[in-house]
Amino acid sequence: MRRTVVVTDPPRADDAVATALGELGTATVHEAMGRGGYLGPQFRPAWTGAQTGGTAVTVECWPGDNLMIHVAVEQCRPGDVLVVATTSPSSDGLFGELFATSLMQRGVRGVVLGTGIRDVADLRRLEFPAWSTAVSAQGTVKATAGAVNVPIVLGGQVINPGDVVVGDDDGVAVVPRAHAADTLAKAEARVANEEAARQAFKGGELGLDRYGMRERLADFGIEYVSYEDYHKGE
Amino acid sequence: MRRTVVVTDPPRADDAVATALGELGTATVHEAMGRGGYLGPQFRPAWTGAQTGGTAVTVECWPGDNLMIHVAVEQCRPGDVLVVATTSPSSDGLFGELFATSLMQRGVRGVVLGTGIRDVADLRRLEFPAWSTAVSAQGTVKATAGAVNVPIVLGGQVINPGDVVVGDDDGVAVVPRAHAADTLAKAEARVANEEAARQAFKGGELGLDRYGMRERLADFGIEYVSYEDYHKGE
Amino acid sequence: MRRTVVVTDPPRADDAVATALGELGTATVHEAMGRGGYLGPQFRPAWTGAQTGGTAVTVECWPGDNLMIHVAVEQCRPGDVLVVATTSPSSDGLFGELFATSLMQRGVRGVVLGTGIRDVADLRRLEFPAWSTAVSAQGTVKATAGAVNVPIVLGGQVINPGDVVVGDDDGVAVVPRAHAADTLAKAEARVANEEAARQAFKGGELGLDRYGMRERLADFGIEYVSYEDYHKGE
Amino acid sequence: MRRTVVVTDPPRADDAVATALGELGTATVHEAMGRGGYLGPQFRPAWTGAQTGGTAVTVECWPGDNLMIHVAVEQCRPGDVLVVATTSPSSDGLFGELFATSLMQRGVRGVVLGTGIRDVADLRRLEFPAWSTAVSAQGTVKATAGAVNVPIVLGGQVINPGDVVVGDDDGVAVVPRAHAADTLAKAEARVANEEAARQAFKGGELGLDRYGMRERLADFGIEYVSYEDYHKGE
Amino acid sequence: MRRTVVVTDPPRADDAVATALGELGTATVHEAMGRGGYLGPQFRPAWTGAQTGGTAVTVECWPGDNLMIHVAVEQCRPGDVLVVATTSPSSDGLFGELFATSLMQRGVRGVVLGTGIRDVADLRRLEFPAWSTAVSAQGTVKATAGAVNVPIVLGGQVINPGDVVVGDDDGVAVVPRAHAADTLAKAEARVANEEAARQAFKGGELGLDRYGMRERLADFGIEYVSYEDYHKGE
Amino acid sequence: MRRTVVVTDPPRADDAVATALGELGTATVHEAMGRGGYLGPQFRPAWTGAQTGGTAVTVECWPGDNLMIHVAVEQCRPGDVLVVATTSPSSDGLFGELFATSLMQRGVRGVVLGTGIRDVADLRRLEFPAWSTAVSAQGTVKATAGAVNVPIVLGGQVINPGDVVVGDDDGVAVVPRAHAADTLAKAEARVANEEAARQAFKGGELGLDRYGMRERLADFGIEYVSYEDYHKGE
C-alpha cells in the first residue's frame, strides 16, 4: 500500500563496484545479469556521450509534481544516482539545471527519470549525466506527497535504494545491490571474451565458426540455395 | 470556417522583445507565462543547439502538401519565424534546405513544423534553427490550398501571426503578442531569482530550505523512517 | 510461404552507381524515384552524420533473435549494406559493435535494422553507418531460423538482395537494382536543378515565381486579404 | 497568460441547433465546416453507439487532478456537454460514474476528455455519452487550480464555452457558436446530396461518373493498362 | 518507379478458396502459411465480429486523398476485397458509408485500409466488413493521382491484385494467389488437429504432454523448485 | 539474476477475498490501495464486459515465445488468473483459444498478458476473461526458457504469485497477497460511501459541497468572473 514516506540511510552497493559497472556500460552489464535489468529503449540520454554508474536514491512522484525530488536531494550522498518514477504516465519536465547544480554539489553522479527533463543544453554544458523518457520544458507543481527510497518500478525493472544504476548511450540498467559484485565479475569476464572475439573478427574469422553455429545450421532447417535456383520457375 | 486566404501585414510583437525572449529560452519563457505556451515534447530541434526567438508567420497546409509554404515565404520579413501546421496528422517532409536558403535570404530566424522536416544535415551546416515533430525525407505535392497568417493550433497552443515564438533544445513556446513585453519582464526576474538560487545551491543550501518547503512536509503527511524500521517485520 | 533459406550470390547493382547514390543522399534519391523508396521517419541514424550507399544483403530474423545476422555476415561482400527485418515488431538490440567489426573487415558499408541496435557509442567511434527503429541494449537469443537474401519488407518498402540502399540523417531509401542507373541520372539532374534554384533563392527570387505557382493561386481559390479586413467585425 | 478563473454564464449556441447537429453526426458536421473542427482519431467513445450534440462547458485541469471538474459541474446547464483539457499530456482517469450521475441530474448530454476516463462499464449502462483519449482507472488528486469556461484547445481545435460539441462513433467535432446555424444548414444540404448519391450508387452509378471525375483522369496523368501489358518484360 | 496507372483485369485467386480461407480466419491462415502474411496488430475491425475472405483489388493513394478509391470501385468485381495503402503515414478517413454502398452493389466483400475510416456506425449497421489503422472523420481531397491494381505494401506484407485477403477480429492476413489452394489445404489440416487438441484439453490433457514438450524441459535448462526453497535465505 | 525456473505451490491469497475484489472492480480496488496497483491504460479487455478476480500464476516469456505458458498451465489451480510478462516489448499473440480451453478445464478465471492475444472472437464466445496490450494473430515459437511463479513486472506493478489480480473494462489491478483482506475492507467501505454520494448527486447535491471543496476555492486562488467582465477590453 502506498505510503508518503522518506526512508533514510539505506544500505548501498559498494562504490568501487558501482563505478566499475558504470565504466563497462549498459549492454555489458545487462548481459552479465543473464540479460536482465535493462530499462528499455524509452530511456534516452539527455546528451550524447553521457555515461555513469552509481547507487540509487529512489523517488516516487505524482505526475507533473516534483515536490519529492526536493525532498530527495537531502538524502543523496556522493556516488549516488537519483532515480525518479511517477505514479502514472507523464512527460512533464520534473528536473532541470538547478537540481543538477544542487546534486553536483553533493557528489551525485546522474539522474534517471521515467518522465520529462528540461534545460538539456545546460545539462550538456555541465556534463551532468541524465536519462529520461522525454525532453519537456513543461513546468510542475509541488502539491502532492510521494516517497523517497522505497522500491520503485521503472521500465519494467524494480529498483531498490542502494542498487547500482548504470547508464550510457544505449540506455540504463539496474543491478540489485546483492548481485553487484557478482555481476561485475561476470561483466569483466564478458569483456575479456569480447576482446578476443574482436581481434578474431578483425582477422577475418566469422562468428558462425567462432561460436560453433555452423554445424547447427542444418538442425535449424536452414538450407543454402543459389540465387538462380531460388528464383527458378517464377 | 476554413478559408483559403493569405492575410497580409499582420502586426508583430516588438523585435527586441522577441530576440530577448529567444535568448532566455523555452523553459524560462514558459514559466514566466504561468506555465503556458509550451508546444510539448513532440517538437524536437533538427540539430542540437538550435536556439531562436522571432515573430510568427503562420501557415496551414494540407498533409503532404507544401504549396502554402511557398506562398508564405513572400509574407516573411526579417525577424520572423515560420510556423507550419497541417490540417490533419502527418509526418511528411514539408520543409528542407532550399526553403531555408530562401528564408535566410529574407532574414527569417527559424521554422517550426507540426509535421516532418528533411535535409537536416544541411540545416545543421547552415545553422538554420528548425523544430519539427518528425524528420522525414518524404516528398510532397502542391495540390491543395490552405492559409497564411491565420490563427493556427500547434501542440495544443493557439499561435497568431505576430506572436513571439521561442525555441531551443527543450522545444518551442509561443507568447501572445499582447503579453510579450510583460512576459519578458517576468522572465528576466525569474532568471535573476534562479541565479541567486544557483549560487546558493553551489554553496550547499537545499531547495527544501530555500523554498520554505521543509516546514510544510508534515502537512503533506510525509514521515521520515529509518531503513531498518521501514523493512522491519518483512 | 516462409522458408528458412540462405540465397547465395544474388546479382548486385553496380557499385559505382550505389556509391554515387549514397553521396546524393536519401531525399534526393527518393525524389528521383518519383517520391518512392523511402523507409519512413521511424528509421533513425545511430549517430549524427552517418551517410552511406551500397548494395543490400537482406536478412529476416525472428524478433529478439540474431541467429540469421551471424549467418548473413558470411554472405556480405565489399560494398554491401546489411538490411535486417524481423517477422514481427520488436525493439531488441539485434546488432552491436562486434558485428560492426566483423562487417567492416569484410568491406561492408553500413547496416539498416527494422528493430533495435546497441553499442551506439562504439559505432559512432568506429564511424560505422547504422540506422534502426530503436536503440536498445536488450540482448538476444540464437534459437530460431530465418532467411538471408530473400525479399524483405522494411518501412513499407520491398527490398531485394542487390538493391541499392542509401542512408543519411534524413533516414533510408531503397532503389531497385533495375532502376539504379536511371535513378542516378534523374537524381543528378535534380541536383543540378536544385543548385540553380539555390543560387536564385540566395539572390532573392521566390519559389512562387521560379516554379510558376503565382499565376495558379487564383485557381486554387487563394485570396489575399489585409489583416484589418480579415479581422473586421470580430 | 494562464488564470485560475471560473467564467460564469457564457452565451451558448442555440439548443435546437446543437441537438440537430448532434443527430447529423461528426463526419457530416466536419465536412459542412469546410473540413474543420474535428478533434482527431485519438478521441474514442467510451462505449459503442454513443452519440450527442450540445453546448460546451470548458474545463482546464492539471494532469492527474480533477478539482476543476468538481467546480465545473455547478456551471453546467441542461443541454451542455462538458469538455475537459489538461495542461500537459496525461492518461489518468479524471472522470467516472459519479460525475456522470451528477451531470445527468443537471441535464448534461455528455463529456469529452483529452485525458483518461474510468467506470466505462457503468457509463455504458447509464448510456451517458463520453469520449476520451484513454480509458484508465488511475485515480486523481484535487490539489491544483485550473479554469472553467475559458477557451481551451483539444485535438488541435480551439473550443470556447457555448460552442457546439458533436460526438459519435467517428469521434468529436466542435462548431464555433457563431457558425452553428450556418453549419447546420450546410450539413442538412450535404445529407440531402448524400441521400441522392446513395440511391444512385445502389442503382449502380459510379462516383467516377456522378462526381464528374472520369473526364479529368487524363489530366491527372492516370493511364489504363492491361495486366498483361503492365507485367510484360518482367 | 512509381506510376499513375490503373491495371485492368488482373487474374484472381479462386473464389471458393478465398471464401473458405475467410471462414477459417486470420490466425489459422497465418499459421498455415508458416506464420506469414499477417498485417499486424495495427489493423483493427471497424466493428466487432466482422469477418471476410476475398480477392484483392489494390489501391495506392496519397495521404488524405481518396481520388484513387473512386477510380478503383469500377475495377471491383463480386468476391473482391478493396485494399488501400497510402504513400506515407496518415490517419485521415479515406473511406465511408457511401463507398461501402457502392461496393456492396458490386458484390465486394470488404475493405482494408492502412489509413483512417469513417461512418463506422453505418458500416456496422450495413454489416460491411472493414479494417483500418484508424477511425477518423477527417475528410479528404481528390487532387493527386495514385495507382490501382499494382503491388502495394501494407503492414509489412506485399499484396498483389488477385491475392486472397482474410479478415476477422484478430486482424488481416494476405495469401499470395499462387499459394491460396495450398494454404487452404494446410489450414484445414490445422483446424482438424486443433479440434483434436481441443477435445483432449477439455478432457484434462496438458499441452506439455500432447506436444511432447515435457521431456525437453531439462534441455531448456528449466528446473522445478518449491516456493520455500526458491525464497530460502532471503 | 534471471533463472529458468518453475516455482511450485506458492501460497495464494484467500479465494473468497479474491472473488469479492473482482466483483468490486478495478477502479475501486485501485483507490482502496491508496491509488496503487493499477497496470495502466495499455491493458485492454479482449471483449467488452469481461470481469474477474483471482490469484496470480505468473509467467515470464521471451518475446514471441509461449513455451512457458505451456509449462505454466500445469501450475494453475481453480481460482487462479494467469499473468504473463515478456522480457522485452512485443505484441505477438502468445495466447489463444486452445490455451483458454485448457485453463477453463482447470478452473482458471482469466488471463492478463503484457503482449498480444489472438482468437478474440472465440474468447468472447467462451466468455473467458482476458486482458492484453495488443490483439495480434502473430504466431509464436517454443524455443527459449523463461520462468513460472517468480515475481514479474507488468504495467509498472510488481506481481508475485498468489497476489490478487482484478480486471474489468477499466483494465487490471494487482493487490499484494498480504494486503488483500485489508484492501477488500477498504474497498467495501468506499463502495458504501460512493452509494451515499450517488444518491446525493441524484438529488442534486454538488460534489463541491459534499466534499467540502467550496470553502477552499479561494485558497486555491480561484476567482469567479462573469463572461462579460472576462472578455472586457478584448
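In order of appearance the chains are A, B, C, D, E and F, and numbering begins at 1 in each one.
Here is the rule we use: a residue touches a chain if its C-beta (ideal position, glycine included) is under 8 Å from a C-beta of that chain, and two chains touch if they have at least 3 such contacts.
The shown structure was predicted, so the numbers you read here are calculated from the model rather than taken from an experiment.
J.: Give the chains in contact with both chain D and chain F, ordered by label.
T.: A, E
J.: If you average the CA atoms of chain B and of chain C, how far apart do the two points sit, in angstrom?
T.: Centre-to-centre distance between chain B and chain C: 29 Å.
J.: Could you say which residues in chain D touch two or more other chains, in rising order?
T.: Correct list: 3, 35, 38, 40-41, 48, 87-89, 91, 136, 138, 144.
J.: Which of the chains are touching one another, listed as pairs?
T.: Once each pair is checked, the touching ones are A-B, A-C, A-D, A-F, B-C, B-D, B-E, C-E, C-F, D-E, D-F, E-F.
J.: What does chain F use to touch chain E in their complex?
T.: Per the stated touch rule, the residues are 3-11, 47-48, 67, 70-71, 73-74, 91, 93, 96, 98-99, 101-102, 105, 116, 118-121, 124, 134-139, 142, 144-145, 149-150, 161.
J.: Report the residues of chain A in contact with chain F in the complex, numbered from low to high.
T.: Residue list for chain A touching chain F: 1-3, 33-36, 38, 40-41, 85, 87-89, 151, 153, 156-158, 179, 182-183.
J.: Within the complex, which stretch of chain E touches chain F?
T.: 25-27, 30-31, 35, 38, 40-41, 44, 48-49, 51, 168-171, 173, 194, 197-198, 201-204, 206-208, 211, 213, 217, 220-227, 230
J.: Which residues of chain F touch chain C in the complex?
T.: 62-64, 87-92, 136, 138, 141, 143-144
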